[in-house]
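Below you'll find a set of structures to go through.
What follows is chain A paired twice: with chain B in the first complex and chain C in the second.
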Partner chain A sequence: MNDLFLIYKNLTRKKLRLFLTSFAIFIAFLIFGAVSALKGSLDSGIEMSADNRLVVVHKINFTVSLPYAYVNKVKQIEGVKDVTHANWFGGYYQEPSNQIVALAVDPASYFDVYSELIIAPQQKAQWLKNQTGMLIGERLAKVYGWKVGDRIPISSNIFSHNDGGHTWDFVVDGIFSAEEVQTDTGYLVFHYKYFKETQTFGGDNVGWLVLTTKSSSINEKVAKAIDKEFANSQAETETSTEKAFNKAFLEQLGNIGLIIFSVVFMAFFTILVVVGNTMVLAVRERTNEIAVLKTLGFTSMRIFKMILAESLLLAFLGGLTGLGVSYIVIKGVSEQLARFLPNMVLTTDIVLQALFYMLALGLISGIIPAVNALRLNIVSAFNRG
Partner chain B sequence: MGTILSQTIAVIIMNIRSLPRRIWMSAAMVLASAVVVAILLAFLAMAKGFETTLESAGSDDLAIFLRDGSSAELNSVISKEQVSLIETAPGIVKDSEGSLLSAELYVIVDGIKKSSQTEANIPLRGIDQRGITMRKGFQLTKGRMFATGTNEIIVGNGIIREFDGFDLGQEIHFGKNTWTIVGIFSTGGNVFESELWADVKVIQNFYRRGSSVQTIRARIESIDSIESIKAFIKNEARLNLEVQTESDYFSTQSKSLNYMAIFGKVISSIMALGALAGALNTMYTSVADRSKEIATLRIIGFSNISAFFGTLFEALTLSAFGGLLGAFIAFLIFDGMNASTLGGNFTQVVFSFKFSNDLLVQGILMALLIGLISGVFPAWRAARMPVLLAFSNQH
Partner chain C sequence: MTQDKLFELNNVCKQFVKGKEAISIFENLNITIKKGDFLAIMGPSGSGKTTLLNLLGGVDQPTSGEIKFDDDRIDQLSEGQLAKWRSNNVGFIFQFYNLMPMLNAARNVELPLLLTQLNRSQRQQSINTALELVGLADRAKHMPGELSGGQQQRVAIARAFVSDPKLLLCDEPTGDLDRQTADEILEMLQLLNRKFGKTVIMVTHDPAAAKFANKTLHLDKGQFVEKELMA
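And then the complex of A and B:
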């Protein structure tokens, strides 16, 4: 008789149990896939940061602005390639609860520094000419259904327009996307000059500077040179890599992130333990049969392999469907949450990890009964039954 | 009827006493429902703790004025002229020094978080003595109050818990400015404890704010005064402000972690489905294990109702035990756990996870639901088990 057929028969002997066990595994891997993708989305700022990009902020805190003159001073520092700057606008659309990340930037240099962003050359050229224009990210455009040419009012919860209100009118000149799906495009940029000329207070200040170095190996040297340049001035600076800056920002969201993910992953492993336990017991019930197989002349090794193959099959059956469904769920949820979160993606990394855990589940839950079967003494087994 | 009841009780006792025979399968079910409940409670306790920290900060007898559209203290700006105008507003309590107003500044500084050793935003509030007396539950736990016009600072208890470098007597630097910590205060666990307080005039000077402030708090005569103040603002073109009670303001802010509770409910419900599959496995195994016993009872005259309830009760016992275990573990690990996150003002809100009886009830209900569903189907099988088949079946 074919071994595969025997494995199949063993696996499906109790259809309900097979269904229930693989369903539990399915749920475990569904959650694993979805939660890992969520974590990846939250961490995308760190993962997607460029190696040679530095962020310069005020030493007191990044919400305190810097003098505009710093832009040109930083440009002079050795090792600096491109410099741009941005101001936090505190934007919202129609209702204060519809918060929008809107930045007043230097149009000429912004896309040099963020070179991974893709914008059609004619759209960019149009924007450079049009001081009341803005470029919006693909994700933001999708959330609100905005198209090139639309006139959109964006309000600020910080600044006042010199016409008396808090609302600025912008024309969408273009929509930018990014090379990688994980890179966030949920924001918009507009002309710093327009911002400066129309808002009622603030003067010649920029929120923060972003620059690229000629090579990531000189990051530290450049960062030190910048901070030294402004030491003992009225506005001291703190320069860090984009990665470190984004990481520190995420840390601000706090240990609650850590707590959530550790809780969920602990639960994932507990479910695996519970399921593994069930699988071990299911094979133990068959001690008699294994003794019969041995009597019939099946070698211990052959039975060992069969039991292991069965548990692996079960682990992958539930696990792969779980992972497959998580792929669909992630796609749907990612669109639903586009307003709040960067794209969620089931990356190769997550898939590989999941495959590893499936393998581990199958091996660990199979190895105990398999070894038992290997050692099983025929006579004592029949006596027991 | 009496016999059915006594039969059922007898079967329930028998089932429970035979549990050790199925110890591993039973343990799996207990563990599965414990995990679901522990997860649910962890998330709910987090959302609850955050909400309590913010909501308990708000008073009904305080009005808070913000610049129109700014929605948080951080974004608001109010000029000296506007403060003077508000002093003449109706409905505000007055004493010998005039209207009970507190004009405050709210700026952000960096602190080093203990948990991650990274910089995080802390609010530095500029306030005066009048403003401090308006805070309910304010108490200096160590040291003394800052002296007006000096660079002295007092630090909230929450900051002490979550951040390094804020010990009494220590000097701290924010940019080029140096401050001396002269006191530590408590406001009974609410969000004000996540702040640093110093003299408003000194901060205006250090941060080049001129004579402008960011928010005004005012003691109002009654909650209805809000309407008359609103009318007053509407009729005065120079006042582009919004006013609300402080409790309304914080109640809006306290909802910002509600997504955690929703996330927790979604995750634990999906996980409950997995746990349910495990629990059904356990209960079907239990019925199979007791098939001879059930058949024997049927032959000596026990009704199938007793078989049904015996199994159902076993499932409920296991899941309730799991639920209690999960709640207990979650309580041990999470109750009072300190956490901090970014609040609506872009600054750290320090809060503690908080359990309540209401959460416990939700957890136990979840566990019982798992027990009920995982018990009903196997119990049905037990009740309908054909007697002869049970004896011939050697599983």
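And then the complex of A and C:
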């Protein structure tokens, strides 16, 4: 027997109370893990944005297109490294409910600007040659089980094909992945030229431009130069960093961060009160036993540490179980939501944050009963008992 | 130094403050307790028996005066030093046994040994010996709730002497037991006193229990009246 055995015995002496308290903590960390992963997924567009990448959209809003001629003009601006462009296709597969993010892009420059994407050279070469080809992200490929060489019809809920329909046939020339697991690969890209030549309206316009600067330190200067270039034209522009653009886009859904913080904070606060109260009661019930231990010669500090350790053990027992189950839930849900959300991942950051909260929960809920035990006077305790 | 002195109390005063009033339990109490004594302390409720036991056991401190144990002043020790002193020198036996309900008999007996440097197998050996001596070797794995009152008190006695202290302090050790069981417990204390040389100081209300001691002190209003019962 050692102190750890005593702590364990004290913790498990009332099984129902242990179950209910650790279950409350379990729920808190299950929510924390799942909600943080969801937030991470929604924020991945912001987190994964390159520092030196800028987005140029129409000043009215990003749904209004820009003249194709802007691409070359932007290339001429000092400080610009690479420029590409994209058009929103409004794609779906077979049924309108199966929405797919499909972009008509410039094949030659797309991977220069999105250098974090990984594509096999022979697949890229094949795609550059094949105007009706498309490249699909590996997460999208996984959702629909598409492979290289498959012929896939993609329909648009915006554009009409010049054959009278709304569907374009594409051949999968390659599957791209990304360096980081959080980077979104749930979309497909195809040739802008093919799109322009087969659509019935829209003209030679691009949805938005994406460019890289030679250094992130000149982002502001370059952005100002671009907007100045097109000031007082028919299509004025608004240039911002990709991070700011994605953030503004996400904020249209509401302040996800605040919502998550509020939910997690409320859950934590409630559980802190419950666990703290339980610990105080549990230790108060043991007043006589603590007095006996002190009488036998256990020092106050040793008992203080044992009670604090018991509280920490409880927090980590419930917390780690909750976090573990949230990992399983996230893995399952991530596959179910793959069509709608970028990868949901329980990142190292989330795990470290959770461990910190477990530590804080254990310390805060255990400190009052531990201090009470530390101060407990043997004579008074026996008189009370 | 007198070799056979275990305790020496000189001019010990103890006061409690209740509200705005200071209540005096002892005023200039003087007493010497010899090594190897089996001392019974009797007296009416409120006479200060338990307070004296607490002072002797180092769980309480006098308001003034000296308490010497083996010529060392224990009234000057800090709380931490007293805890160490208790673990080295004193075994406690309570009226209601005060066993840990979540530990079996063997683990209850082991508690004081956690404060020693003994390794696991040495501790186990000491536990086995102690339980054998109190006749509970076959109940080592039993939880306190599975034992009778007398058996629980025997486990408590084993816990009190397992770390080989010089002094056993007993607060009404038979107060919760029937006569026959009480006598068995008292015989065990007598054995520990006579055969193993433990100094036993026992607070009791029971004159029959006091007969097992070799000396009885009557405490009344904070003063002693000594009566020799046995040689």
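The rule is simple: the second predicted complex is superposed on the first by the 375 of 385 C-alpha atoms of A that agree within 3 Å, B and C clash if a C-alpha of one lies under 4 Å from a C-alpha of the other, contacts with A are read in each partner's own complex, and residues count from 1 in each chain.
By our rule, a contact is a pair of C-beta atoms (placed from the backbone, for glycine too) under 8 Å apart; a residue touches a chain by one contact, two chains touch by 3 or more.
Since this is a predicted model, take the numbers as computed values, not measurements.
Touch test for A:289: chain B only (first), chain C only (second), both, or neither?
Only chain C is touched by A:289; chain B is not.
In the overlay, answer first, second, both or neither for which of chain B and chain C A:297 touches.
After superposing on A, A:297 lies in contact with chain C but is clear of chain B.
So, does A:378 touch the first partner chain B, the second partner chain C, both, or neither?
Touch status of A:378: second partner only.
Taking the superposition on A as described, I'd like to know which of chain B and chain C A:30 touches: first, second, both or neither.
After superposing on A, A:30 lies in contact with chain B but is clear of chain C.
For the overlaid complexes, name the partner, chain B or chain C, with more touching residues on chain A.
Between chain B and chain C, the winner on chain A residue contacts is B.
Looking at A:126, would you say it contacts chain B, chain C, both, or neither? Reply first, second, both or neither.
neither
When the two structures are overlaid on chain A, which partner does A:9 contact: first (chain B), second (chain C), both, or neither?
The answer is second: A:9 touches chain C but not chain B.
What residues on chain A touch chain C, complex-wise?
Residue positions touching the partner: 1-3, 5-6, 9-10, 12-13, 288-289, 292-301, 378-379.
Can you tell me which positions in chain B touch chain A when the two form their complex?
For chain B paired with chain A, touching residues are 24-25, 27-28, 31-32, 35-36, 38-39, 42-43, 46, 68-72, 74-75, 77, 107-110, 113, 115-116, 118-121, 174-176, 240, 260, 263, 267, 270-271, 273-275, 277-278, 280-282, 284-285, 337, 339-342, 346, 348, 395.
Report the residues of chain A in contact with chain B in the complex, numbered from low to high.
16-17, 20-21, 23-24, 26-28, 30-31, 35, 58-61, 63-64, 90, 96, 155-158, 160, 166, 201, 232, 234-236, 247-248, 251-256, 258-260, 263-264, 266-267, 270-271, 273-275, 277-278, 281, 285
With touch defined as at the start, can you tell me which chain C residues reach chain A in the complex?
54, 57, 59-60, 79-80, 83-88, 92, 94, 98, 100-103, 107, 110-112, 114-115, 123, 159
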